[in-house]
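Next come two complexes, and both contain chain A; in the first it sits with chain B, in the second with chain C.
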Partner chain A sequence: MIASILASGLAVGAVYALIGITYNTMFATSRVMSFTAGQLGMLGGVLGSMFILKLGLPLVVGLVLTLVVCALIGVLTEIVAVRPVLKSLDQHLYVLTTLAVALLIQQFTAIQWGTEPQPFPRLLEAGSGLLDEKYWLPVVTCAVTIIGLEYLYRRTLVGHAFIAIAEDNFAARALGLPERNLRIASYALAGVIGGLAGFSGGQLLLAFFANGPLLNFYGFIPVALGGLGNNRGAVIGGVALGLFQQAANFYAGGIFASVAVFSLFIIVLLAAPQGLFGATASRRV
Partner chain B sequence: MTITRRDLALGTAAICLAAPALAQTAEPIRFGWLAAMTGPSSAPAVGFDRGVRFAAEAINAAGGVRGRRLEVLTRDTQGDPTKAVNATQEMISQLRVHAIWGPTNSGESLATTAIMARANMPNIHPCVVDSLIDARRYPNAFRIAPSNTQWDDAVRNYCLQRVNARKVAIIGDTTGYGVSAVNACVASFQREGAEVAYKANIDATQPDMTPDMLRARTAGAEAIVIWSVSTGMIARMLNTRASMGWDVPFVGHPALSSGEIGTLVERPANWEKVYAIGYRSCAYNDAGQLPERMAGLVSRMRGKVNLADTLLWWVSCGVDAVELVAKAVEATNSTAKEAIIAHWNTLAPYRGYYGDFTFTATEHNGYPVADIVMVRANTARDGAFNLAPGYT
Partner chain C sequence: MLRALPFLAILGVGLATPLSDNEYWALIVTRIAIYWVLISGLNLIVGYAGQLAIGYVALFALGAYTASVLAAGNATPEVPAFAALGIAGLAGAVFGVVVGLPALRLRTFYFAISTLGFATIVTQIALAWQPVTGGGIGVPGPALPAPFDTPWGLLYFCLGFAALCTWITANIANSRFGRALVAVRDADVAAEATGIDKARLLILVFILAGALAAIAGGLFASLQTYITPDAFTFELSLLFFISVLIGGRGSILGPLLGTIVLTLLPEVAAPLAAWSTFLYAALLLVIVLAVPGGIAALIDFRNRKPLPAGRVIASRPEAIQQLIAHTATPDTLSLRGITLAFGGVKAIDGLDLDVKPGQIHGLIGPNGSGKTTTLNVISGYYRAGAGTMTLGGRTLAPGRSTDRASHGIARTFQTPRLIGEASVLENVMIGATIEGRASFLEAMLRLPRHRRDEAVFRERALLALHAVGLDGVAEVRADRLQHSELRFMEIARALMLRPAFLLLDEPAAGLSHDEIDRLASLIRAVSDAGTAVLLVEHHADLIFAICDHVTVLNLGRILAAGSPAEIRSHKEVVSAYLGA
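Here is the complex of A and B:
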């Protein structure tokens, strides 16, 4: 039982963590919580299934096409739902606009793809039982993603520019950084990460239009637990959430597992409103 | 010959008097069809519609009913109760239909039943929610498919009498339907003295079904009863059963036999020992044959109606709906609402294709429970299935 909790908990937790990172990546350059993050995850599964199973494309081609489309959806989100409301962030209009785009994506997928879950292909034909690829693939993807992001942010000029925008938008612009282009790039990057989440977790979650809201909710929890904008916090929060959720499934049962997850979430936020790994924001008065 | 003013006046009067009678004989029978033809729950209505069109064309090709054409007036409700209500009101007050077939899902029917009752509109539908049929409150409404209770009875009887399972696990999803169906099923098994070893409502999007399957096995379940339309959840449970090396039979909701499950199970063998609710009229016997009457209908539909991507019971039920209205008009020589309803109340039994329906003034659940059988879920062929083990 413990092995089963670990295998499925880590796998689902890694998917949640990747969605959390998707939220963070979009937030970093725009200060917007875009609720399209879960839909990008859903699209990763649906597009992967469509390209590889339905159209019969090779795995690599299918993966690249999936990530390209998800990146384009990310850019579209920035143009349609984020850019128009950036000037009035304090009114939180982005909640409405990003939710509207998320609903559009979900309904369009339901109409075009169908409302029944559809199979996702075996990718590597590796492993069986609890060592099946469907359990370890999301974990490996999450690890590679976080290493790649760390490299990007710490070792590349573009990454430094991302951090500069995230730290102080106005100062970065004053230094001549192309804020708009960097924001578009970060949304494309978020699209790729969201797509990777759905693609790597496709064998667990299937290619299903209703995965979007599920990933939106459960992907948001690691962000809140780990601290907004903190990718390492999101990974730890996501993995902890996945393990706790699976343990609750085993020990409490389906309906009560969700109750347990959200109860813990509320308790943690009451104890540490800034998230477990987030810093308290200071304000000059 | 000269025409006097008196002749002209008499002739005009005669034409005026005769006109309504002439128009009456030419007036078509307006058959209202509330169909969720698009949207997430459209598959049944698409199947029903094929039967409706086939039956209406056959009747009209044979000269209609007492010389009157049967006109099918369809409104797409999209599975939305609000649209179903609007379409119902349009059919009653503007299209002035003589009878309504549908809606085809219970959510819509719950919204439209009272409206049709107020208009005393003859209504037949295939929706399963028990409360939709009440001959006292809704004397105009007749069901030509099983109710939830009848489904539940059939599943319980199969588990207890043919699988000989005395300890069962009853599992549904977390939708309103799943919760209510599981509760009703638990109560009925317990009334029969069987032990419900495990009961659960599972979130249909839960990626790993191992916890619930392990609990069911630990509790000693000898059969797993499923009440859910979620094919993803069912397929995950079947895959988990296989990975556990457990061969417990699955019995329950018709969704167990959905074609999507065949694409979602990891191996075709994972779909063995799965028995879904089916109907004797639409089930192949050991010789691979349908009942004679249904075989005749299928033979007539060959080349005209596609049965490969739908269920035979949906199509044949659509045929029965049209013929029930047509034969009521033929028997009573009237399209008056009261006449149609009064005629249906005397059908004992009416020999349909999908089933032999029996209606009285106090019982409008017309489908015979003995005709609800279990079928092997993975044996679909032209919309029909092989009988499950234990039937002849």
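Here is the complex of A and C:
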């Protein structure tokens, strides 16, 4: 019992954490929380299934194609839904534009792919029972992503530029950093991370068009827990959420689990609005 | 009333539906009426308060299931249909507040997500809680008693109820509550200074909108006669939400037209039905990027007429006495040892300040010397690290921006904080919000006390506009005014409170020479009426012309204080700030 809670909790938790990181990556360069984060996760599953199962492409080709499409969707989001509303960030128009793009993606998928959940291929044919690949693939992916991001942000010039933009947009532009290109790059990167989340968690979540809103919600909770823009907080929050949800599922049943997760979300927001590993509030006047 | 005509025309068309003798149309029109019951409430949240509630289908589903389960007696003894609808409304009110809690403190994305989250869990619960909800098989909807048990009977009932909802939400929208909602949306900082308590206000609206959404759900269950979780898709939520946005913010008629169009669209264009949500989403994107004002902006002919060029602000200081006419004697505002640091920087460093009634107190100093910061500490936007503030004998609670209006403290801002989509008159009326005596319920039903409030506000606002010299543009949308007019509009708003203290933050910035003269005589008149004025300004001429007392700040400390003549000859002030 405990073992299966751990296995499935860690697995879904890793997927939630990855979606949380997707939110954060877009937020860092644009101060925009985008509803496309969950849809990217959904697409990771649907595209993976389409390329590998439907079209019979090899795993690596399917993975690369999936990530390329997701990166393109990320870039498209930046151009269509983010750039036009950046000037009036305080009006929160981005909530509407990114929601619109997210829904366009979802409905297009529903019509072209179908509204029934479809199977996702086994990728490595590795492990069985609680050591099945479907449980550890998301965890490994999450770990690799976080290590890769740490390396990017700490060791590379581009990563330093990302951090500069995230810390102080105006100062970064004054230094001559190509702010727009970096923002586009970060949206492409977010597309890749979101796609990875859906791809690695595909065997758990299946290739299902309606996964988007679900991932939007469960992927945002780690961000709210960890504080906006805090990737380590998102990982801790995501894993905690996954374990909590699965434990509640096993011990008290599905209804209670959903109610408990929602209540937890509201309580955390009210008790620690900046998240548990929070950042500071900004000056308004 | 001319404004009611379009609504009556729409209601007339709805009531005439039986002439078609086609029950299919009865179904469609009833559905529009039911959707509008929900959307009329949602409109207050999305269109007026600007809170992005994207998952309101959850409250619709909650109401549908509560009413159906109670009427069917799945979990309790059978409840009569109307009582079941009422209980559903109560449940909707409670959950409307629960879902809205994040909106009270956090940025709007959190609220959007929390409504989305609620929408996902309500459907999951409806599926999983089989003994009560029937799971995927569903549950019969409540059957209304005669004469509402026929399609036409139900149609009339829903149309009647929808008309009632239009009336009550329009009453709220046109009351001080509605104006306060828009103020919170467009100028939250200014709203706090006028004493508007955002949390309290939003909770009242969440209760109303939640109850209406749930009752709409119950009626929807009656109309469908049988409900399953499939009926409450996110697409439906989207229809509700987009109807408001297509209709336009801050309008009742716009969203009503939006509801009608979006509900009819898939019926009229059947081949599009599969793509309807895709089209809604595309429409949403186009509207936000291209027509942010929605239908309401398209039919707002009054604000298309060009304003007369070369307008002059002809202020009438003699009207100030009549406007302010103090009843209570103002007290002295005293700051003692106020200290405030941002990180390691001390913005204010042990400031003592006394502002006496009937006095104009000038606060000057170089940029970054802590002038505006001092105003913001007094206004309660910043919480001082040390020191006390008293008003007469009473202590001003640090960091409580919403209780300053009740102490008689009004202010203007360095950049005018206007409510762009409201008229100039409404912008000014906001200033007296805390004097409203009528409750939310009284405003909703237009009871006498509410009408009295409105008459008082309106009369005083017109007088204030007359005094500052903006009476010619009272009905114009505020974002069409020039910068200088906005400065005078803010002063009119502050005077609505009949303040004991008036804090002015660089009121002369951007004004012409003539306008500064008028401003000077206005401030003088305000002070003569007994109000204490604290004036932050860079125009040294203005300061020395009208101030009784001047304090010079430098690096958060007092460099000099005294009469204008003393300051003008003060060596350090001249060398540090005024220049030789």
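Quick note on the criterion: the second predicted complex is superposed on the first by the 281 of 285 C-alpha atoms of A that agree within 3 Å, B and C clash if a C-alpha of one lies under 4 Å from a C-alpha of the other, contacts with A are read in each partner's own complex, and residues count from 1 in each chain.
As a convention for this text, contacts are C-beta pairs under 8 Å (C-beta built on N, C-alpha and C of every residue); 3 or more make two chains touch, one makes a residue touch a chain.
Note that the structure is predicted; figures quoted are calculated from it, not measured.
Once the complexes are laid over each other on chain A, chain B and chain C cannot both fit and instead clash. When the shared chain is aligned, no partner comes close enough to touch A:L157: not chain B, not chain C.
Of the two partner chains, chain B is the only one that A:F208 touches; chain C does not reach it.
For chain A, the partner that touches more of its residues is C, with chain B and chain C as the two candidates. Legend: residue contacts after superposition of the two complexes on their common chain; A:V12 is shown touching chain B, with no touch to chain C.
Of the two partner chains, chain C is the only one that A:P273 touches; chain B does not reach it. Shared-chain residue A:P117: touches chain B; no touch with chain C. Of the two partner chains placed by the overlay, chain B and chain C both lie in contact with A:I255.
Contacts of A:M1 after superposition: chain B is touched, whereas chain C is not reached. Comparing 39-47, 129-137, 165-173 or 237-245 from chain C against chain B in the aligned model shows that the clashing stretch is 129-137.
Common to the chain B and chain C interfaces on chain A are residues 214, 253-255, 258.
The residues of chain A lying in touch with chain B in their complex are 1, 4, 8, 11-12, 110, 115-119, 129, 204-206, 208, 210-211, 214, 246, 249-250, 253-255, 257-258. Across the interface of their complex, chain A is touched by residues 50, 52, 54, 98, 101-102, 105-110, 112-114, 116-121, 124-125, 128-129, 188-189, 234, 238, 245, 274-275, 277-278, 280-282, 284-285, 288-289, 292, 342, 372, 376, 381-382, 413 of chain C. The touching residues of chain A, when paired with chain C in their complex, are 33, 80-81, 84-85, 92-93, 95-97, 99-101, 103-104, 107-108, 111, 213-214, 216-217, 220, 224, 253-255, 258-259, 261-262, 265-266, 269-270, 273, 283-285.
Looking at the complex, you find that chain B touches chain A at residues 40, 174, 200-203, 205-208, 210-212, 214-215, 231-232, 235, 243, 258, 260, 263-264.
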